[in-house]
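In the two complexes that follow, chain A is the common piece, with chain B as its partner first and chain C second.
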Partner chain A sequence: MTEPRLIEISPVTRVEGHGKVTIHLDRDNRVAEARLHIVEFRGFERFIRGRLLWEVPVIVQRLCGICPVSHHLAAAKAMDQIMGVDVLPPTAEKMRRLMHYGQVMQSHVLHFFHLSAPDLLFGFGAPAERRNIFEVIRQNPELGRRAVLMRQFGQEIIEATAGKKIHGTGAIPGGINRNLPIATRDRLLARVGEMEAWAMDALALARTYTLDHADLIRDFASFPSSHLSIVRKEDGALDLYHGAMRAIDATGAAIFDGLDYRDYHKVLVEDVRSWSYMKFPFIADLGPDDGWYRVGPLSRMNTASFIDTPLAGAAHRELRAVTGGAPNNATLTTHWARMIEVVHCVEKIAELLHDPDLQGTDLVAKGDRRAEGIGVIEAPRGNLIHHYRVDENDQVTFCNLIVSTTHNNEGMNRAVKDVAVRYLSGQDRITEGMLNHVEVAIRAYDPCLSCATHALGQMPLQVELFDATGALIDRAQRGA
Partner chain B sequence: MTAGGVLLIGYGNPGRGDDGLGPALARRIEARALPGVTVEIDYQVTVDHALLIAGFGTVVFADAAVDAAGPFYFRKLDGGVLPDLGSHSVTPEAALALAGLLFGAAPQGFVLGLGGASFGAMAEGLSPTAADNLDRAEGFLLGWLCDRSLVGADGRLPA
Partner chain C sequence: MSDAFAFTIDGVEVPARPGQTIMEAADAAGIYIPRLCDHEGLRHQGGCRVCTVKAGGRSVAACTQPAAPGLTVDSETLHIQAMRRDLVEMLFHEGNHLCPICEASGNCELQAMAYRLGMTEPTRFPWLEPCRPVDASHPDIALDTNRCISCGRCIRASQDVDGKGVFGYVGRGIHRRVAVNGPDLAHTDAAVTDFAMSDEVCPVGCILRKGVGFSVPIGERDFDHKLIGQDIEDRHK
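Moving on, here comes the complex of A and B:
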């Protein structure tokens, strides 16, 4: 029998954010507790107070350099409400949707090819010096090249719709400030066929991996949970930009459905725990123990009744068939789900580029001013809520954000615990490969901790090992 | 791939105090419209920068630094290192390496680290120390860019 130990992984590589994982071992080397800690504090909600409502959709992009478009659009949707606008002109809504699909596509592509591919292709326990994108590219340079070019395509769409890649100004309260010129449309259309073909190849890769590793995926960070997203209000289809809130339990039964997202605060509560600055949201009626849920691509596959584009729709049906139509709770299936969404986004982009509404000139709607606005979208990593109150001087007096990584806080902690118990318990020696298993579970959620916690600079996530007396006895520290 | 010209990538988040040093420097250089110098401003360096930098002979990455001993530092990047990638951002070394692996480019890379003092809060604007360091770094970079003994007509440093 050895002394109880605690492991701390520091930082978790290929994850954005500043946090750490601590793993407590008991005297028999079994995992007693494993937690994902967030060590930075929230500051943005205070920072935004006093800002003019017109500035908000631009300023919020500083929350996160990874998904600024998601914050831009969620804030703009909230400000639409404050401007009294419930229905945008078709050109405005379609331009925003085009922007959003471009963003989701490029974000998912980066994650799959550059961050997860090393784990999937070489194995979670492969030597660290081999388990990186450079090795992937050496073996398959075309894969890496496509990822960069697909990402560039997404960025080009963002630039065309938002005005620029960062700090875009496209979405404004009540609408959009530009349409899509014909020349830009044609330039994008010329490439969309190639993007679709590449997206389908990526989907095949993710699907094959998932099905070929069914045993691993069934057991790896797989646990029942509820799932939450917005879906299209009319028919429950996948809708990344707008819809009604739907939450289902682990069996697929509805917890709530068709909920106006402006009532999110009536069904969700944000819990605080002493060991993390990141909140733990839960469904109020179910309480903190049973009310936690997951969001993101896999959750969206579970909540959506169907996908309304042909290629992604077929892929969605195939994914759902794996579990006989029941919710899929296997964390690693998220990679397959993510690639289905890439295909969906490319199909939607193609559909929109053929829509003459994108060249319309009715860009902004007006309504009766309100004091409060709530905007919700499905960001690449999951549901994103922006909630503001504005005074008579157009200044923000209240802001509450629930970002995807915060929604997934409990789910990520469960995943860490599940993997730690499965792969670390009873081991005499903790290897780098074992620790990477923990990181793989976290990476599947693609957490953006800078967004959730508003940290800055390089934000390493650490994993440390402590004994039962609280003494740090091991630490996995990688280059940040 | 044969490429010329100098690319300056100034990156960081202007909404996080001195983290905005890189973009601030880039905006100043951009305003001067120097011939042969292209300026890119971003939150961070990402994999898609590999495609952009593949079109240049020399790339300067300007970023705020928490570890600068003085107002700024300037160093040449070692092209032989293949660092791991972060989840959503990459190091300048990684971007250069990707440009080589994916697009056959071999630009020379430099890092200009600008010393910052205030990174802890969501705030716009630079601290007085950072503002002073920005002035000094700008002066250095302008001299470096304009020194034809350093930068040849093709934008590359002489061997």
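Moving on, here comes the complex of A and C:
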């Protein structure tokens, strides 16, 4: 008789950076269940109530220290709606776009070089003491130098548009609070050529890795799923800042397309499960079992019809060719997709820096107040939804946030289970290398829960192995 | 002027006229004495005590104590600096001063004073953590009294300059705080054109003119590039 097995989920106090994987084995030491537990108690949806609407973009960006710009801009876009502004002055929109491209670039570079490069360069089962950015720098100083300087460039773009590298104040309801001085523009332009070259090298690295390890990647946390993002409304091009919602199924067929993101709540439902504090969004028409989907760089490669910058556009076509144009569902291909987006961001940054609209002085638009606003953006980790209602006194009465990691909840759980079954099933002892395989699968999604590990790859991850009687066989833990 | 006299602040001779306070004479001489409740154009109150100096060996508020011939004033001693830092730190503990999300950040005199006095992190006293609802009832003005430091500048501005009585103190002792003269701000005669509502009167992010928010970029705010009091010190450079 199988003993009842109960996994206790202990909430962790950090909003981000803490995860727990639980793996249940049956009597034959085979994986019966594997789950990624994220106790992502943000609390922002509640304590933002009562605050004044113009404070919101500044407050909610504190959700994250890695991609605060995404929350800043998603909230600002929602507040634009509340201020009755549907079209920003060109200077405002382009300054925000510049900020966002700088943000996506630095976040992706951080993830690829600082977090994932140790796995990719040294192997998933390499000794733990080698799997960190310092070893990358030691073995390849030039690569490490570029990692630091590319992040610096992205952060300086953010500083130029938001006033600070982290947690600035650039976007305000209806516009932006600054333009780009000529001197700042020229300082950034002087470096953009080098950034483009380095981005292309990073893209080549990710592409080569993916193609050279095709056998591994084909089977590692690879499973069919739907994909969701916003794309440019007019032509379906990749657009990280604004667009219409598009969802496709595992075959590439549209589930919905051209959807005004202000209607997101008509197509998405958030499911609650007893074992996780994070909700499970799904596409309403498909139901909770079949309606889950993935978001993020790989999903965007699948949903976007094309990329409108030449270098990233060509890379996108090459990635799509690997699967013959069908959606690519191999989790680890996300690294390649991520580097395509870095190239795209640098190309867009160069394009914008040459645009005289950035020196314009019409910064804020006004309109007729509305009671509700929804802002959606493609954050580095995927689609991000901010939804607010505001009363006649300018105070927030309702807030709903669906962050990328939440969209990817089911996908990450499937990835964890896939890797657990493949690498742990039948084992009676967990090695550190096995543990890292689970981490590699989670890490490919660059979830917010891994924020705390970004510096040294020390994800505070705990894996517990139970036998069929529910007894704890082994536990491996790091960095808690 | 025949009645003019001199006294010293930290050993520096300062000219003064009869009727001038220590702070007024110091300001005129380009010597900054820290202050929060005092504001040019408002009557002196001597409430916050951040301007405390030793005058003739006694602790006095420089904003209310008259200068006197031959008076010896100590202002920037280590002891007085530490005491001022304690006073400012206690103000942080009394309210909810979340600088990272406050629109007054960069223009806030409390924040600027903390930087000037070397207080970077309030850690030593119990947090009172007030929980006061934001009063956003007025169409043009919002009040977040969680950030109020009870300096009373708005009370004096409303009464003495605007000829109104929008604000007043209620409660006693530690419970004393600034309140509006009505159930909420919308039910007072407050107007956005009042001097009391101007951004120079409230030293913190308590009285907010609606819609201003974060429209001034980082780098262009009052204290982004200079210390509080530096304008006074620069007068005689």
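By our rule, the second predicted complex is superposed on the first by the 449 of 480 C-alpha atoms of A that agree within 3 Å, B and C clash if a C-alpha of one lies under 4 Å from a C-alpha of the other, contacts with A are read in each partner's own complex, and residues count from 1 in each chain.
In this text, a contact is a pair of C-beta atoms (placed from the backbone, for glycine too) under 8 Å apart; a residue touches a chain by one contact, two chains touch by 3 or more.
Source: prediction; values computed, not measured.
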Three-chain arrangement built on chain A, chain B and chain C clash or fit: clash
Query: Is A:V343 contacted by the first partner chain B, the second partner chain C, both or neither?
result: neither
Query: Where does A:R62 make contact in the superposed view: on chain B (first), on chain C (second), on both, or on neither?
result: both
Query: Between chain B (first) and chain C (second), which does A:I230 come into contact with in this model arrangement: first, second, both, or neither?
result: neither
Message: Let me test your reading of the model: by the given contact rule, A:A92 touches which partner, first (chain B), second (chain C), both or neither?
response: neither
Task: Using the superposition on chain A described above, determine whether A:L435 touches chain B (first), chain C (second), both, or neither.
output: neither
- request: With both structures superposed, pick whichever of chain B and chain C touches the larger number of chain A residues.
  value: B
Message: Let me test your reading of the model: by the given contact rule, A:P173 touches which partner, first (chain B), second (chain C), both or neither?
response: second
Query: With the two structures laid over each other on chain A, which partner does A:W54 touch: chain B (first), chain C (second), both, or neither?
result: second
- request: Find the residues of chain A that appear in the contact set with chain B and again in the contact set with chain C.
  value: 59, 62
Statement: Counting only contacts in the complex, chain C reaches chain A at residues 100-101, 103, 133-134, 136-137, 142, 208, 210-219
Statement: Listed in rising order, chain A residues that touch chain B in their complex are 13-16, 43-44, 46-47, 59, 62-63, 65-66, 68, 106, 110-111, 114-115, 128, 132-134, 137-138, 141, 144-145, 147-149, 151-152, 155, 165-166, 443, 446, 448, 454, 456-458, 478-480
- prompt: Which of the residues in chain A end up touching chain C in this complex?
  reply: 50-52, 54-55, 57-59, 62, 162-164, 167-170, 172-173, 177-178, 364, 393-395
Residue ranges of chain B in contact with chain A within the complex: 13-17, 19, 41-44, 46-48, 50-51, 64, 66, 82-89, 97-98, 101-103, 119-123
